[in-house]
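See below for the structure under consideration.
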């Protein structure tokens, strides 16, 4: 009996020693009841499992603590405080939504915790780092592209592809009335303007709008050949369906968040054909040598394709791994920040699933060998093709058959 | 000049004339009754005098001032208070607090200087209205008889010059009417409050009032002492029936 | 002085701070709606007024709490009067819809007028309440205790008694000469004022004001007050405190948490319509009086 | 442009009218402001999606879904709402129905996730009217709405059952005296309201998305329309629905779509203050 | 044989007890009047019989079946109809619609003959057949209310103060109509304040005070008993 007991004791002790072995404790923030949050959760878990299976980072395993932010600033604040004071995490990753993230940068600064952000696309987020480096240096935008960069990729496509090839002269903006979306649309329009495109009509509709026919009508009557859209809400689904049903005489080009996943085809009952949207630094295209594998693995593992936040969410742990392995003292925040600033996952390289390179303000470098926006189109045959830039092309852009320009 | 002079009070609802040039007056300390069949316009007169309905024509002179068309709040502050046929106690509070609400009206602001005085006054009202045993009972639990009494007590609690009582005895048993009747007389005799009463309980009505105004179809058809009224042909025809006289005499 | 002077758990402090602020939201809703029976379905508009005003100012000038809180008090009280004047004659569902409309207009405008309001991202970078976590907590706690106490005393006073009489029967009160409009407007002003102050304190507490922390409160205030119990400030405040506290504590359950929240609401309207804390209060009182008799 | 305004206004209005009709009916007959009304719309849409994706033919899916929402409506009225109504305070009915709607939202979120769904069109041939292309799904929604509204009006005015509903809405007590089982009429009315809202939810799902928060805006719109038309007035709510539908089209035509809801709510607010009885309502307050 | 039998009924509103142990029987084919002042419980009695109020105590029998606590609509369908206090017409419906609604639960073919019957009783209604009930005068509304109650084809007709608020001449028309109904052999229970109107058409009379029957008997007995008339009716 005594033997059994002492054996049990040894087993228990060894467990507790095992548990006490030092880990990297990482807090993960996300609105888990939404698709965005799910992407974060799934991709981060996938990366952590991979790294842990591979022996962890510097021999220490990753331990994830998920905190639901329910899409609210208040919950995110409570979550950060809980993670930093109660769970005593070493790093925070995630954080979806610019509003909550912006509001909580000050909490991050107060708690002095390194935060690798994944889903706050406002340019203001890293502007904060620029304004007050010593206070906000803890924040790094691993993704997604900020709204300006997303707009740029749409604008570049219009200016460098549609204008020369189809002689597009007039465009309209129809976008959801949200800051983030408006910034994308306006940036794209600005670049198009520089290429000689006239913006003939602008309309911002409130989230939850049911009928876009008046906007389409006004845009085409004003002579628009291209409709620049930026719809980050689910309105993108009915927007696209209506565009298809009405056979609007203008191509749909822009950033519809809902269009960035394979389910879009079902959600629109196949009425998504010819829709063209920019995928911010991700998507089923060979951005790095690992991107397409990641896409497939995610689908196999979870039954759904990764979304545009999955890419940065997956990347965060690898970025962190690279930085910690190169840091002078991985337990010193200052050293880790310095190491993070030096991390480079080049475009076309084999690190990460999307290119990462930080500016001095901890934003993603856009263009060059940095992050990139890929234009995808739902083709007539139903496939989802990368059409721009040429390096990653998996198909040719198709002009909607009903359009007569 | 009387305390309250009502001249040619006229009110029309759609096509229906509710009060047609009603004229009467109430002296200080007087007890006046308004008699008439249901729907004759008695309550409409009360509604107009107390400001709840805006008359279409006429004058209501109270204390030398024409108060016609003024708000109920204004008229109550001047000293005319009414009760409602269907009792309107303040629910969710006890009898004491019901009366306290009355003492918080602007009318009593000058009269009551502090909470001790207020308490004294409320207790006095509770006392004369014989509400002592239910003073701290929630009104939601009170039987009809007490609620009727409370309705009268609330109106007396603002020390009115004129009280318009709308069927204070309806739905009560004979033994319940007595104490209310007594309270009305007491208020009238002690503080000289004028009483205007609408009531169908003829015996009690006739005992209580000194002068009767009979109304039918929105018009005044007779005026006089109870003795005169019961003999009045028009009143008998429209309301009392043949035996009216005997009620008063019995 | 307080119960938690040695409290070092920042997370719990944070949850406590939020819970006491929510208690003020619920209590301020109760002061108008619970007392006078005018069910305000747009309480968030009054919270937004305080919060956004601080946001507007601090986007040009970094305003300090000691200045902004009194300012928010005045502005929201005036706003309450302005909304109250036309709407308070409305009854039942009409008043509910009118206030709901006001809050919805606010919500749509604060999304649309993004140049001013920051749209869905809100306004951030507002001066923190105090520098430290603990001092912030005491600040919030002090305010909440004071606000609830003031509303409680007002509710217990003659003023509150008149408000309660309006809930039961406005005509009966008018017949006695009570200026019902004055009282209704005053109640609206007080309710709006405390909602506005709480809104401005929240803006300072988070350093942020935005649609996500304001607009769900129209509904939440009603739920908290009704589940706690209306017509007595303290039960409503306790309802606000405990529901928020529990909801924060359960936040790991995600959607289940919200589902549970609505189940509590449904069950309490069906089985404890007078409110949990009103019911408990009554129970304690009867036990107390029974013990007293012995 | 004008043709677009005319046609799309009519389509949107007819759907609003369909939703508002049931809301108005529930208030007119039972005196209940049913904040669950928008949820029927959502429940029906989700059920149809669920049945269709489970491989059940679409016609049967629609019928099944409508039957389920009707039973749901009848249940809610028969048990909790009538129970609360007996207790008196109307706020508890408001809160109960609103709470139940949120409960349904969270439940569906748990069951179906936060994703947006869609169902295939029942009729998918675009038609040209006055030079405007009208997508088949919208035309279908319009026709179904109009026919349903006409059928309901006929049902109320011509059938024995409808007359009982009418009588109950005018005077519940008097209706009881002539032998009408008013509790049953309440239940039937709620069930009918659920059916109308459910039909609206189903006909819009091919061109709008099915999501767990689709009920709230719908409810708010129905509520506003019914107040604008006069609580309980059926012709009033139909007129108000068309007013709202055209107003939305008008505002996005001459101004900007982002202000459509604000303009409408401001008008509702002004109406409430200056004419709280609405376009057709009786003087009830 | 008594068609309606009420024994020891206690009833009222919430805590307010109005009927305090009331017993009453109505003979088939007779007209029974209950007289009493305002507030004595007359309307409460009729509301308790028709199931709007559930009695706290006591039993009510209609023919041989117990109807205590049954729902109003069921009682109505059994053949007890009431012309209620305040008339309670459907104001936005026409006179014809008001009357037709009452025939909903009877055979359709009888509708025309029943309409014929009520127009015979109140000829004025025939001219007003398409007028909205809410726009009619008080007397006409009272006629519609009684007519509607007859349309149900009841075995017993309950009338709640049909003379209330009406001019003398209109009262006479109404009571003339009631008399015609009585002559067809219908059982009537009528509660009234106006004894002079009721006595000529009644077979028997009860006097109600404070929720109890103080006296019951034939009309002739009451006419001959001065002290009774004095003390209870003021006649």
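Labels A, B, C, D and E are assigned to the chains in the order they are written; within every chain, residues are numbered from 1.
Heads up, the rule we're going with is that contacts are C-beta pairs under 8 Å (C-beta built on N, C-alpha and C of every residue); 3 or more make two chains touch, one makes a residue touch a chain.
All of these numbers come straight from a predicted model, not from anything done at the bench.
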item: Touch-network distance, chain A to chain E, counted in steps; value: 2
item: Chain whose average C-alpha position is farthest from chain D's own; value: B
item: Far-end chain from chain C, centres as C-alpha averages; value: E
item: Contact-richer chain pair [A-D vs B-E]; value: A-D
item: Inter-chain centre distance, chain B versus chain C - centres from mean C-alpha coordinates, in Å; value: 43
item: Between chain C and chain D, centroid-to-centroid distance (C-alpha), Å; value: 32
item: Inter-chain centre distance, chain A versus chain B - centres from mean C-alpha coordinates, in Å; value: 76
item: Residue list for chain D, restricted to those that touch at least two other chains; value: 109, 258, 261
item: Contacts with two or more other chains, residues of chain A listed in rising order; value: 33, 177, 204, 206
item: Residue list for chain B, restricted to those that touch at least two other chains; value: none
item: All pairs of touching chains, each written as two labels joined by a dash; value: A-C, A-D, B-C, B-E, C-D, D-E
item: Complex contact set, residues of chain C against chain B; value: 158, 161-162, 164-165, 167-169, 171-180, 231
item: Interface residues, chain E side, partner chain B - complex; value: 13, 15-18, 37-39, 138, 164-168, 193-196, 209-211, 229-231, 233-235
item: Complex interface listing, chain D residues touching chain A; value: 1, 4-5, 8, 11-12, 109, 113-121, 126, 133, 135-138, 204, 206-209, 211, 217, 248-249, 252-253, 256-258, 260-261
item: Residues of chain D touching chain E in the complex; value: 160, 163-164, 166-167, 170-171, 173-183
item: Sites on chain E touched by chain D in the complex; value: 50, 52, 71-74, 76-77, 81-82, 84, 88-93, 97, 100-102, 104-105, 148-149, 151-152
